[in-house]
Every structure is written in structure tokens, then in C-alpha cells.
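Take a look at the structures listed below.
In the two complexes that follow, chain A is the common piece, with chain B as its partner first and chain C second.
Let's turn to the complex of A and B:
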């Protein structure tokens, strides 16, 4: 048998790019929401005002931008805010948020799971539990289906 | 009150009622359509329609002309007419190269629209001279599979939900058939295939089902992001969207001008209200949890269930909703389009359940269909 029959390079060809009917996702870049204001959030954290820091940190999530650095800064900031809470304070904090902000929070929680730091996952799980109790499975479904990722 | 009919263990892919609900056509997740007649309190199967070669994806029954149209994954649609006591098929060539996903008769039953995975809608009408069903295509700007279709009461406009995350309104005007339609809040120009409006609720999620209200001014759709959205053409396309806490809905239906019933993966129908100010709100679930009749606390029963079924708590693996698996279709049973009195839901559990609003309103405290 010739050498050519053993070649398996064809298996790594992405056939989808040759399909004319392929769905092209037209997500226009939207730089209007460019992430929360870091300085203000840090100030509030230093003053011990976790709940206000959380509300501010969840405003303007960088959903539309393709700039990965902006998104990374945002997730680092929000994770810091989330980890500054004690387990008993979480439920009250979740209660102060409205529906849309709760969905954004759930997105950040899942992003936080992706990049665990020391001890973060445990606390994030408690956050997840409280947000789930407030917003139901629908919020998790929206994290999975929303193409605008945080 | 609810009436439950079980049609075996196979999922019911789709169902359709005849005019006075004495006959029912269902497809049990196969290429067959079974037609039943209600006799002596039971559903008697009197015919099986076996023309499709692959799964039947949708059935619609025209009430006045008593014709059934079915479409399937074999890229065909058939129009069935009653001949004595058997149904005779007529093939409709849709000219699509992917499966058909949904079919609906127009309100006047002169034509029907088929959505397909070929990213187009086929509008089919009967041409008398050639004795043949002709299909015309609506292609642009559909970018992905059409998952659901609904007709506007004016017999011209078609709403289509698609897996490209958008709900659209097209014109299905056939100049050989229809008179020039009066202008509607959806737009003036209505040539065939004209895109009247395109909507997205901002999130992701395939659109699973679209529904026009009985006046045709409002369009509701449910998507896989667990949202229900309504757009009101008479109020300048004002869009209201509600993010629910339920699993995604697979089907939605207007039961009055202001109330919507949606059902899906959570196995129960839920009622929402879209009031005259354009606010969308959750009303109540139609399936109230009934306390499972727990008998006397019996140690013997617990150990017996542990032995037989490996269960720790004696709750069993049944869902506490009437449907034991996802509901795939909600349809009108009795009442007019603008005041539905009974709906039917069918699901993957092989059950078809009828929900009577009058009785449910008196049973459930918060339920009010406005």
C-alpha cells in the first residue's frame, strides 16, 4: 500500500468553513459597555461597603467587546468583590439586585468557576446557591444560551 | 379541570384536532400519523396515514375544509382528504433540500406555510388548472432553520421563529389567490417574501415558537433563553420581554388578546399576561402541585420500595406535574381564537392533556385569564 492511504491529515480539516450555508454569527463589536469603574469599586471595598461595591461592579458588564483584556479586568474585579463577602451576607446582597443584574452576576459566577483561585470555588458555590434560589434555573439557562459572554 | 389521555409510551411529536374536536391526529414519534375518533369515552384509531418515509414533524388540520396537512423529515408534505372513512394523500413538492419542521394552514385554508431546515419557508397553494399544489419560497433573510410558523388573521402575513435567534414577520401574499390586503400595523408593502419586521429580544437562544394574537397586532415568541417576548405592532413595535425562572418553553399560544400560555421543558403550562400598557407579567402555573397522597407512615412500605426500586425516600421517580416529560406543543381545543376555553398539551411522555380554563380559574387562587 502506498504511503498516502495512511495519511489521516484530512481528519483535522474544518469542513464547516467550506459549507456555504454555514451560519455566520454577526456579532458587531459593542464597546459602549466597557467594564465597571475600578477605582470607585476599590474605594467602596476599602470602606467596607461590599453591597454597593457589588452593585457598581455589576454595572456595565463588558458583554459586547471583543477585547479580552477588558473582560479579564472585569472578571478579576468582580471576583475580588464576591470573595470579600462572608457567607452569611450573601443572601442579603443578592436580594438587593434586580433581575437583569442577577443574570449578569450568574455569568460572572460561572466565569469565576473557570479560573479558580485559592478558596474561591467554595465561596462561589455559595453565591451560586443563593442566586439560584432567587432566579431559578432560568438564570443558568441564560448564562448558557446568551452569546454575549462576560 | 384537566382530562388526561395516554397514547402509549412513545412521545407525541405533534397533534391536531378537527373542527369539533371529535377527531384527533397524532404522530407517535414515527413516520406514521394515527387518526382517532372519540367513541364511548375512548379514542378509537380508525386510520393510519403511512405515506411519510421519515419522522413526521408537524400536523395541521383545517377545520372548515376538513383537510390534514403533514410535513416530515423526508422533505415532503402531504395534503390528506377524507375519502369515505380513509384519508387519501396528495404529495406537495416543497423543493427543499432539508427536513420540513413545521406546517400551518392559513386562516382561510387556501394555502399553507411550511418551515424547513433549508433556511426557507414554502408557501403552498392549489393551482386548479394543473390540479397540483405549487410552492413558492421565502428565502431572505432567513439565516438558519425555521423552527415555527404562525399565520396572521388576515391570511397574508406569516410569523416565523428561527434558530438564528430571531422572530420575523413575512408577507405570504400569493397574487393568484389573495386580494390585495389592507395595510396593517406591520407595514404597507406586502409582496411575497417581503420582510415586514425582524425582532430579537437581545439574548441568545433559538426561537422555539411564535404566535400571533387573535387581532394580529401582537406577536409572542419563546426562546431557549427561558424568555417570553411580546411585540405590539399597534404600539409602534413596543417590545416587552420577561426572563422567567423556568426551563425554556417549547410552545406558546395566545388564549385571549392579553393572556399567553407557554409550556416546555418544565412539563407544565404557565400563564402570562400582557396588559394594555404593554407590561408582561407572570400570572400562574396551570399545574398546581398536588400533595402526593402519602398514606400512613409505614416502615414496611419504605423497606419494600428500597428493595424493589432502590429508593430511599418514598417519593418515587414521578414528576409532581401532570405531564411526566417535556411538553412539546400547546394547541387550541375549544373556544374561539380570541377567547380560548380549553387548550390541549402533548408531550414526550405520550400524554395529551386538556386544560379547561373556567374550571382551573375556580380551582387555582391566583389564576385569572383576562
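Let's turn to the complex of A and C:
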């Protein structure tokens, strides 16, 4: 008999991946939404215009890209903007955002919880409360179910 | 510090209510089988985004939802050595009796102290809002119980030191105080 029949390497091949019914995570590299403009946001923050800085920071969320560095930069920027608010100003700021932006904000809040620094979690909890009061349970469900993670 | 407790618990409550939307889903790989997808992790499309809610650097909750099951892992505040030991033993006590708890997981997820696994069968047999109430109540009570146990340990250490030293004749009162101070410093 030929040598090929003694090899059992075929057992470790995953044939299921070639099944055409398989779920393909349809993440085409989408560089059109490549994160908020950092310099402008920083300028607005320095001028004390928190609400405008927030609106700008939430404008182009890097949902489509696979580049982790872009996402990390965006998260760091948005977290800085969120922490620059005082508890009393949060409700007004949430009121100025529209529905889609509120969903993006909720995603960023949950990402902010993953890296707690001094006192950040307390303020993020206040943000979470106010956004929930405005958008309801649906916003949390959309964070959990959306495949495009921020 | 306790000012963050209420918003923390309400954030966890809302997230749990959102994540506990589970439905029956048979296994796609093995026919006639029904497995909790968050444990099996066989297909990516059935797993939802895991979220963390943190109160500070030490206390946090990880919620991992999927289509027919969800996992909640809690990291409990442990301020010093004795609280760490008490927490570890208490959690171990409960996890050994996980079958009676129904929703408890026998092993916690890496990095956390205790984990719950809730499947669609649980939500079909029990009220969803009651399950959420249970988890929140659990989180509140754990901290209280561990503090109580710590006080009990210190009290017992002091009493047993007193009784032990009553038998010693040399400078009884001085010795008792010295021993009690020493034990207090140890714990």
C-alpha cells in the first residue's frame, strides 16, 4: 500500500469552515468612519465647550475598522470628554443628542467602565443613569446586540 | 464611596434586564442537543457583546449574554487579607452547593469571585424580574455578610486569647492585654 494511507493528518483538518452555510462576520474594512477629529475636540475642551466637544467626539465612531489603535484612541478621547463634565451638566448634554448618537454614547460608556481610574466609574455611572433615563432599556439592548463594536 | 452604590446597582439591574432576553435555541452542531451557547461558544453569531460595569478598580461585574444563556461574574470588594480569606471560603461554600442554587456556576470566571449562569430554561420557569432582584440582593448582602464575619472572627480571637491567658499566673492583666493587642495587629 502507498505511504499516503498511513498518514492521519486529514483528521485535524477543519472541514466545517468550508461549509457554505457558515456565518461570515461581514466586517468589510470601512475606513470612512475613522474616528473623531482629536485636535478640534481638544480645542473645544480647552475652551470649556464641553457639550460641543462631546457632540464632535461622538460624530464619526470607528465602528467599521479592524484597526485596534484607532478604536483605542477614540475611546481614550471620548472618556476624557465624558470625565470633563460635572454631574449637574450631564442631563443637559444628553438632551442635546439625537437617538443614534445616544446609542454610540452608551457604547462608549460601557467601554469606559472597562478601564476604571480614580473616580471615573462614579461619573460614568451618573452618565449611564442619565442616558438610560433618556433612551430606555433599548439603548442597552442595542449595545449588546450590535455587531459593530466601538 | 457608598454614594456610588445605588447608581452601581441600578446600572447592573438595567443591564441585567436587557441581557436576560433569552430564547430557546437548539445546538447547531449536534442534533437534538440544547446547550447554553455562552458556555459552549461554538458559533460566533450567537454570542453578544460582553459588558463590564465597574464601581471602582476593585469591584466590577462582567455580563456576557448570548442567544439562550447569559453569565454574570461578580468581583467582590476585599480590602485586606482576612476579607480575602473569608470571601474565598464563603464563595467556595456556596459554589459547592451550586445545584441547589440552580443559577450558580460551580467555578467562577478568571479574575472574578463568583459567577452565575442563567439559561432560557431558568427564565421560562422563574420570573425574569425576580431573577434580577435575586442577583442584586445577592450583591448587596455579600458585603454585609463578609463584614459581619470579620467582626465575629476578631471577637472570637479576643475572647479565646483572654480565656487562654487566664490560666497563666504571671502578670495576668498585662499579659491578656498584650496578647489581645498582638492578635488585633495580626488581623
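Here, the second predicted complex is superposed on the first by the 128 of 150 C-alpha atoms of A that agree within 3 Å, B and C clash if a C-alpha of one lies under 4 Å from a C-alpha of the other, contacts with A are read in each partner's own complex, and residues count from 1 in each chain.
What we mean here is this: a residue touches a chain if its C-beta (ideal position, glycine included) is under 8 Å from a C-beta of that chain, and two chains touch if they have at least 3 such contacts.
Because the structure is a prediction, the values reported are computed rather than measured.
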item: When chain B and chain C are modelled together on chain A, clash or fit; value: fit
item: Touching partner for A:23 - first (chain B), second (chain C), both, neither; value: both
item: Partner chain(s) touched by A:137 [first = chain B, second = chain C, both, neither]; value: both
item: Which of chain B and chain C A:145 touches, first, second, both or neither; value: both
item: Residues of chain A touched, compared between chain B and chain C (which is higher); value: C
item: Partner chain in contact with A:103 - chain B first, chain C second, else both or neither; value: first
item: Overlay on chain A, chain C to chain B nearest C-alpha distance, Å; value: 6
item: Footprint overlap on chain A, where chain B in one structure and chain C in the other make contact; value: 23, 137, 141, 145-146
item: Residue numbers on chain B that touch chain A, as the complex places them; value: 119, 143-144, 164-165, 203-205, 223-227, 243-248
item: Contact set on chain C toward chain A in their complex; value: 3-4, 7-8, 10-11, 14-15, 17-19, 21, 43-45, 48-49, 51-57, 60, 65
item: Footprint of chain C on chain A - complex, ascending; value: 23, 25, 110, 113-114, 116-117, 121-122, 125-126, 128-129, 132, 137, 140-141, 143-146, 149
item: Residues of chain A defined as touching chain B within the complex; value: 21, 23-24, 99-100, 103, 135-139, 141-142, 145-148
